[in-house]
Amino acid sequence: MLNFVDTVGEAVAGIQDGSTVMIGGFGNAGQPFELIDALMDCGATDLTVVNNNAGQGDQGLALLIKEGRVKKMICSFPRQSDSWHFDAKFRAGEIELELVPQGNLAERIRAAGAGIGGFFTPTGYGTMLAEGKETRFLDGKWQVFETPIHADVALIKALTADGKGNLVYRKTARNFGPIMAAAAKHSIVQVSEIVPTGGLDPEVIVTPGIYVNSIVKVA
Amino acid sequence: MLNFVDTVGEAVAGIQDGSTVMIGGFGNAGQPFELIDALMDCGATDLTVVNNNAGQGDQGLALLIKEGRVKKMICSFPRQSDSWHFDAKFRAGEIELELVPQGNLAERIRAAGAGIGGFFTPTGYGTMLAEGKETRFLDGKWQVFETPIHADVALIKALTADGKGNLVYRKTARNFGPIMAAAAKHSIVQVSEIVPTGGLDPEVIVTPGIYVNSIVKVA
Amino acid sequence: MSSATSIQTSDKPLGRDDLARLVARDISPGSFVNLGIGQPTLVSNYLEPEQNITLHTENGMLGMGPEATGDQIDGDLINAGKIPVTELPGASYFHHADSFAIMRGGHLDICVLGAFQVSATGDLANWHTGAPDAIPAVGGAMDLATGAKDVFVMMTLLTREGVSKLVESCSYPLTGIGCVTRVYTDKAVFLTGPDGVQVRETFGCSLEELQALVPVPLAAASA
Amino acid sequence: MSSATSIQTSDKPLGRDDLARLVARDISPGSFVNLGIGQPTLVSNYLEPEQNITLHTENGMLGMGPEATGDQIDGDLINAGKIPVTELPGASYFHHADSFAIMRGGHLDICVLGAFQVSATGDLANWHTGAPDAIPAVGGAMDLATGAKDVFVMMTLLTREGVSKLVESCSYPLTGIGCVTRVYTDKAVFLTGPDGVQVRETFGCSLEELQALVPVPLAAASA
């Protein structure tokens, strides 16, 4: 059921302790900063967070990690020049890390939304990221069995929503948004603009409203 | 490598006997009629054809089947009120049929383009279409292992191409085109219009040119 | 008031249109729904705009409108039954894998399907008679049966030969196992599930008269 | 003419830019290419428009243009290294799963990656030093290594300590097995594969001098 809410606080109010939360964005592009700040403010803790990275600098996801609200990160690229909060928690053994090749991350998220129970991929075969995983020789290559990543909630940034919750994105800010919206039970989307139903061309909609639960406009 | 060709005959000239040919379209929407006619004319035989249906009436794919050029159909819905040519060949034991639930057909084609070696899906579990297939209990459901469908050639109808081979489609004529373009080694596309590079908005391109090999404009 | 009388809501069996109207009324506001080919398509005639129902068609569209007529007919805009349809404001188009991901990923609230048989535990048979000379065709039936949150079946309760299509165990090849949650028939609405069959309401017959037609134990649904 | 002299094509080792120019020249016209973070990015400076190369960036774009400067900078338009870039005519955007499907489905002609080590049979180690206190980060490296039709590596041949990065067997954690087809270094271009290492050309050294630096058997490539 689709709801338009007035504030990011209302949008994230239902997020429970212990939830798995997907957060869109790659670098700053597509990062729902306002929703992450609201998640910080709402107090939910013991979270598993799915994001490409593990926070940068002293803002957003990095702050959530610093404050001890994240028990586990599922991501492809935690270590960055400014990932000091994650680095400290990780070295202190205070945060769990599931490191996933970026393509497996994307495909596992996509699988969750598409009802796929698992798939074989050549990515990672023979590496330490496939240790202990089932392997099989298919299509002339050794492949590794990977499982879907489901989430309770997705926090996503899009450009424009219409009255049906259909979304379009902007340039490389699209990145994980569409697949996370489909993979999460409840998708919360911040947009720059809301247009009336019929205001988006049906041919160009990237995320159909069926995947969207809450929409909030941020300035 | 992308080529713009002048005639549908040139477009299909390289199709070999014994090829697996994907043909886009659902009903008449998105069916590349002119390319199918050219495939008829070019003489290639012993084909495996992947399409949602198995030909209708006395045209296109139905004619290919009638003329004995198709040794095997992979499809979801062969039986229709006007599928008489397929029906006759099938009853005579002169054509092989791999019947695939439509979602498995789409997902298996998608898997081929995306480099997935196989996947588990609940669709078909416990039915005769899953007989003999590996099953596994995943995400709380029994699921069936399905493998990708690769092809040598895809014949696709799109609306508009630009100079880089990027494609957009029209309404429900989009259907199988984008996934077949990605799954086939060589994609041949008929379009209504070719615009200069830069003439399509990068945000609305459905099939990027990397998936397209030959483009022909049909009247 | 006995349960037998309390659940009879019509003094005669329901016609196809009345049944379609009943199904339409039972669909929760805001739902995303796929209506199968044939009798289920009638449901779209009785959806009220204020229900804000979004119709999905598996050939790549959400926001499908009524059947197209006259100048509206566009060969590129058809439904899963290959009938020209229209587009409502807020519609969207997508390719086949994305369309079936909507179904298979469990995102549709309801699909309404026809059936040859439904079992007491919700098994569905609706794609193949099993006749030796039949040419099978499955389309999207298995994906819908397995993927939708609720699978409603619409069918006549009895075959032309008077045999119940609600059965202990399907004799026709299955479409999906334990997937059907409700069966709308001309004579009654049944709720199916792992605990057996409950009857929500009957049309033109009592629960006892209904039980005489159906070879599986029936109980009145608790209101 | 001995093979040792015939394959030396420069009287001194190549600098990073000369090496990038060489890689750029070796990319076939019309190719779709992904350039990894760091040294491989330099290649884009030497691609000629008439080569008609399309650059892919894994965060969701084909048709990436040069780095953005001044008013071109747009926070929504970045490359995999999170650097603002530009969009060329004919570009397209897509989501992460579609973007990695391009890589994983074998559709990229070439990717160019940096490396810690490459083995004689083309194993690649470029994501993790294996140091016990290292925080690992893999990004898209494994997908590129496994998915691209050809994987080119650009690296200095020797570490700062003078140890060859072209090795019999990688001691660092692997990124992919048998995936590298060419290694471009300051001292030579190597062709790697199941049959061992061939040297296409050397820079500032003879094949014999090169062999003295590298712990795997080298042979001159047949022209």
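The chains carry the letters A, B, C and D, assigned in the order they are written, with residues numbered from 1 in each.
By definition in this document, contacts are C-beta pairs under 8 Å (C-beta built on N, C-alpha and C of every residue); 3 or more make two chains touch, one makes a residue touch a chain.
Note that this is a predicted model, so its numbers are computed, not measured.
Q: Which contact partners do chain A and chain C have in common?
A: B
Q: Given the two chain pairs B-D and A-D, which is bridged by the higher number of C-beta pairs in contact?
A: A-D
Q: Just how far, in Å, is the C-alpha centre of chain D from the one of chain C?
A: 56
Q: On a C-alpha centroid basis, what's the spacing between chain B and chain D, in Å?
A: 35
Q: Just give me the whole-number Å value for how far the CA centre of chain B lies from that of chain C.
A: Taking the mean C-alpha position of each chain, the two centres sit 30 Å apart.
Q: Could you pull out the residues of chain B that touch at least 2 other chains?
A: Within chain B, the residues that touch at least two other chains are 107, 114-116, 121-122, 169-171, 202-203.
Q: Quick check: what residues of chain D touch more than one other chain, meaning two or more?
A: Counting only residues that touch two or more other chains, chain D contributes 61, 87, 93-94, 97, 100-101, 103-104, 147.
Q: Drawing the touching chains as a network, do you get a line, a ring, a star, a complete graph or other?
A: Contact map by chain: other.
Q: Chain pairs that touch, all of them, please.
A: Every touching chain pair, ordered by label, is A-B, A-C, A-D, B-C, B-D.
Q: Hey, which residues of chain C end up touching chain A in the complex?
A: Residues 30, 32, 54, 56, 61-63, 87, 89-94, 97, 100-108, 147 of chain C touch chain A in their complex.
Q: Considering only the defined contacts, which chain B positions touch chain A in the complex?
A: Chain B residues touching chain A: 107, 111, 114-122, 136, 138-139, 141, 143, 147-148, 150, 168-171, 201-204.
Q: Name, in rising order, each residue of chain B that touches chain C in their complex.
A: 26-30, 76-80, 83, 86-87, 90-91, 99-107, 109-110, 121-129, 169-179, 206
Q: For the complex, which residues does chain D have touching chain A?
A: Counting only chain D, the residues touching chain A are 57-61, 74-79, 82, 87, 93-97, 99-101, 103-104, 128, 133-143, 146-147, 173-177.
Q: Which chain B residues qualify as touching chain D in the complex?
A: Within the complex, chain B touches chain D at residues 1-2, 112-116, 162-164, 166, 182, 197-198, 200, 202-203, 205, 208-211.
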